[in-house]
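The following block contains the structure, expressed as structure tokens.
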Amino acid sequence: GAKEQTPTTPPVPKDNTADIKARGEIIVGLDDTFVPMGFRDAAGNFTGFDVELAAEAAKRMGLKVKFQPIDWTLKETELDSKNIDLIWNGYTITDSRKEKVNFTTPYLDNSQAIVTMADSEIKSKADLAGKAVATQTASSAYEAISADAETMKGFKDGEPVLFDTYDDAFRDLEAGRVDAIVADLILARYYTAQRGTEKYAFLDDNFGDEEYGIGVRKSDVSLLAELNKAMDDMKKDGTAAAISIKWFGENIVK
Amino acid sequence: MEYILLILPYMLKGLGTTLIVFAITAIVSIPLGFVLALARLRGNKALSRAVQTYILIMRGTPLLLQLIFIYLGLPLVGITLDRLPASLLAFILNYAAYFAEIFRAGIESIPQGQYEAGRVLGLKEHEIFLKVVLPQVVKRVIPPTANELMTLVKDTSLVYVVGMGDVLRAAKIAAVRDVTLIPLGLAGVLYLIVIGILTMLLKKAETRLSYYR
Amino acid sequence: MLKITDLSKSFGGKQVFSGISAEFEKGRIYSITGPSGVGKTTLLRCLTLLEKQDSGTITIDDMPLEEKRLSIGLVFQSFNLFPHMSALENITFPLIRVKGVSKQEAETIARGLLEDLGLQDKADFYEHMLSGGQRQRVAIARAMALAPDFLFFDEPTSALDEDLSESVGNVMLKLKEKGMGIIVITHDLDFAKKISDEVYLLRETLIRRELDA
Amino acid sequence: MEYILLILPYMLKGLGTTLIVFAITAIVSIPLGFVLALARLRGNKALSRAVQTYILIMRGTPLLLQLIFIYLGLPLVGITLDRLPASLLAFILNYAAYFAEIFRAGIESIPQGQYEAGRVLGLKEHEIFLKVVLPQVVKRVIPPTANELMTLVKDTSLVYVVGMGDVLRAAKIAAVRDVTLIPLGLAGVLYLIVIGILTMLLKKAETRLSYYR
Amino acid sequence: MLKITDLSKSFGGKQVFSGISAEFEKGRIYSITGPSGVGKTTLLRCLTLLEKQDSGTITIDDMPLEEKRLSIGLVFQSFNLFPHMSALENITFPLIRVKGVSKQEAETIARGLLEDLGLQDKADFYEHMLSGGQRQRVAIARAMALAPDFLFFDEPTSALDEDLSESVGNVMLKLKEKGMGIIVITHDLDFAKKISDEVYLLRETLIRRELDA
């Protein structure tokens, strides 16, 4: 092959917004098992709260939208390699992620809720001492727990039990092998609603508050601006609220 | 039952991906494995060692990581492959290594006398290999090859890392959405059917080759 | 002419034979006898390039043996039939491949030889269905079919009764008439005397024996 | 480099889980596979068919689903197993099926004459099997067994579904948290080391058994 | 006494032999001759329970053969040595297992027999390092060591020269002195006449031959 010329200065990252416009299509990366934010209906079509938001926002930017399922572990790499243009799937804003991607204005508040079976003796964070606590692998809940090292050390085995999906975690809670689950409040509410709210209890304590945002490539500053504007418009004209009510029964978009 | 009919179409679509990746990988990696086995056994020292190193790396690291490397690592050096080609490349390179070892063992198990008879009769080396040794190797490697093929059917579910949806992925989506294990059970049944057919075909091949010992 | 000059061979430091020099002509039959384990098979293996001698040279018509591969043939002591081919195919396959004979012609030749050796009704049998003597005769027919300049037999009548030994002897005499040179390893002195022009004894080296000793 | 040292301790802890699941599965499922192979080959018709069905189901459905079934399905009928026992049970039952097929093929490849010699000498069937057949089987099954063992090393990462942390999950957690692919590369290196050692050991075993043919 | 009554056997509808009735005494040597493929090996396989006759009975001292397994021994036409055991181990292993002889005693017996047969320096050789005649002698020694009531030899001198045939004959005579009954299949009429008390011809059925015929 031809010899590659090594550039003496790092190349200025190119803003891809124009390319996306030219293409007429924006690619949204999501984990299609992530109920209720982004998943598929029985026919295999993408659906979910974030999916509907994204579809509406794209329309307002004059773009078609394409949803691309990705391995959640690899989402930032997928973004870097331009396989996708946005990460939009209950994506929690954290400091380490901010180093790799730009976030839009937060559009949803979230907290890391603690869920137990209804008849549990666990009533507060302190009661978690010596108990088996589950959460999802590589989730923001896991990061929130890790950040509270004091409490985590008290857990049985000194660390949470990690499941691939919250679905598995809830099954394990019911089988009695774990005593509590830490999960995004929004997800936990959805799951408990599906499985029967009365079976579960939500503790008053939690592992902190956080916010969801949409991840955009660092280089794509104009895309970020346009997306922020589209989201603002949707919040103002009630479209976002309507979608929220459809999925959560109330307007929780901020 | 109604529920199964509801989710079946999308599951079958996933099964299509599974079968495509399986079939192409099998068709390409088996001959490639043979070539590698030959290179290891008959190649000069350098080639033989290169193949051994290749096999070590391919068997020594998870297919999942190889897939990530080919799909997301290669673009860093300017080689960008689409999802399906990237998956196929990773699967073929990986499985060829496993097949190579099976075939090597099979080739080594043929008694030296068979080669010697061929040589003394004046047959060319490739004739001896293709017409004398290979048919006998085939008979001996069917069972371990069957093992690998069945593992392959299920390994295809790894394509989720490049964002492709196979039957298992389809089942998982339905399972979390509908809070039930039924889709996973259904996926199990679909796999079982595919592998049941595969088992039958391989058994037939084994029986057909039992005319000699 | 097959010419051996100062041939020696050892296994792991243990000398099998040494200093063998001899000349064998086409159109003659030579027998080699000698106690078990003395190196008769090893000598034939050197003469067919299956074993590398430690020192010494072998030529055919003054050309190195390597260049005259197709001029030699061998019937193994352990037969080495191809188990996945029928008796007939064992004979026709090399004929077609090496001699470029048509399939039909090869079958005619093969059936003729099988008949000469009393195996007309075993043409479609596989090795595991043949008795010891039947295997031996198939191996003999396979080597004879190719009609090399020199044909070596390693105890070709070990599993045969007198009548069959005689048939084999008669076939050898026919081949000799046609100009083939034949070397036979045998324990059967009567057989050796009946068919051979010269008889040798192998015992550390090759010694010519008087026929009427 | 500094970063690698930072994440290494947690990765090594994950590697511990990998190695425990690997070792226990290998130690239990290999003998179990032998028993299954024997039951299939020597058991009465009913037993043989039962084993075949077992093997079909175990190879016919993904280990992942078997794991989910044992860990999350069995509690529904009142059998609740802990994470590690549940994982080990699933792995052992699954891998025993693969080994059973490898060993079956190995056992079948030993010539009938070996059994017959044992019987005529008056050896008991179990003596023939353990002392005559088995040692020869071991030699032949090493390469396909090596394939399965290497697959097993990497399959252990499936324990993530029951909430256990192996080396690959440790890597994934670090990768997501620190938004980098380095931990995955490190996991690849760790796997490579484990399998490199395994390869060496198996090669040694192969070499040790090469004293006979 | 070994008694055969009205024995017949066919393969796939083709009659091998039929209506064989005969009595063999301990302390005598019987030879059976017959053309190749006539069923001699098959007869011995019936006498050693390796093949099931179509009809007829075999008894030893009026007990069904099945209950007298340990009273019979066989030297195979194809030897069937255990390839993973040295020549010595081939002999000592069954001795220790079947006769309960100590390891040391077994080695003494084995070395004695190897010496009788001119193999004293091959005790530690494996099958693939032995010449044809050496293999045959190890197989003979292995069967003799167990000293059964009746010992069958399938062409025991096929790969042996006259001197060695004589040694084998002498060992047989020694065993006869000790009261063993011996049946030898051979093509070598001289050998048969020299050692046998009775000579039979197999040809569809078993016919007694006059010794001075």
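For clarity, chains are labelled A, B, C, D and E in written order, and residue numbers in each chain start from 1.
Methods note: a residue touches a chain if its C-beta (ideal position, glycine included) is under 8 Å from a C-beta of that chain, and two chains touch if they have at least 3 such contacts.
If you want to know which protein each chain is, UniProt gives these names: B, D = Amino acid ABC transporter permease; C, E = Amino acid ABC transporter ATPase.
Keep in mind that what you see is a predicted model, and the values were worked out from it rather than measured.
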Exercise for review: Count the smallest number of chain-to-chain hops linking chain C with chain D, moving only between touching chains.
Suggested key: 2
**Study point:** Interchain contact steps from chain B to chain E (minimum; 1 if touching)
**Key:** 2
**Study point:** Labels of chains that are neighbours to chain C and to chain E
**Key:** none
Check your understanding: In terms of CA centroid distance, which chain is the most far removed from chain B?
Key -> E
Check your understanding: Taking each chain's centre as the mean position of its Cα atoms, how many Å separate chain D from chain E?
Key -> 45
Exercise for review: Just give me the whole-number Å value for how far the CA centre of chain B lies from that of chain D.
Suggested key: 18
Exercise for review: State, to the nearest whole Å, the distance from the C-alpha centre of chain A to the C-alpha centre of chain C.
Suggested key: 80
Check your understanding: Just how far, in Å, is the C-alpha centre of chain B from the one of chain A?
Key -> 36
Study note, to complete from the structure: Where chain A touches two or more other chains simultaneously, the residues are 73-74, 77
Revision key, fill the gap. Touching at least 2 other chains, the residues of chain C are 78
Check your understanding: Considering chain B alone, which of its residues make contact with at least two other chains?
Key -> 68, 72, 111, 213
Exercise for review: For this structure, give each pair of chains that are touching.
Suggested key: A-B, A-D, B-C, B-D, C-E, D-E
Revision key, fill the gap. Listed in rising order, the residues of chain E that touch chain D in the complex are 48-50, 69-70, 72-74, 76, 78, 80-84, 93-94, 97-98, 126-128, 142-143, 146, 148
Review point. Can you list the residues on chain A that touch chain D in the complex?
Key: 72-74, 76-77, 96-97, 99-100, 134, 137-138, 142-143, 146, 161-164, 168-169, 171-172, 174-178
Practice item. Provide the residue numbers of chain C that touch chain E in the complex, in ascending order. Key: 11, 33-37, 40-41, 77-78, 118, 122, 129-134, 136-137, 154-155, 158-165, 187, 189
Study note, to complete from the structure: The residues of chain D that touch chain B in their complex are 56-57, 59-65, 68-69, 72-73, 98, 101-102, 104-105, 109, 111-112, 140, 142-144, 146-148, 150-151, 154, 157, 168, 181, 184-185, 187-188, 191-192, 195-196, 199, 213
Point to revise | Sites on chain D touched by chain E in the complex | key: 111, 113-114, 116-124, 127, 131-132, 135-136, 139, 209, 211-213
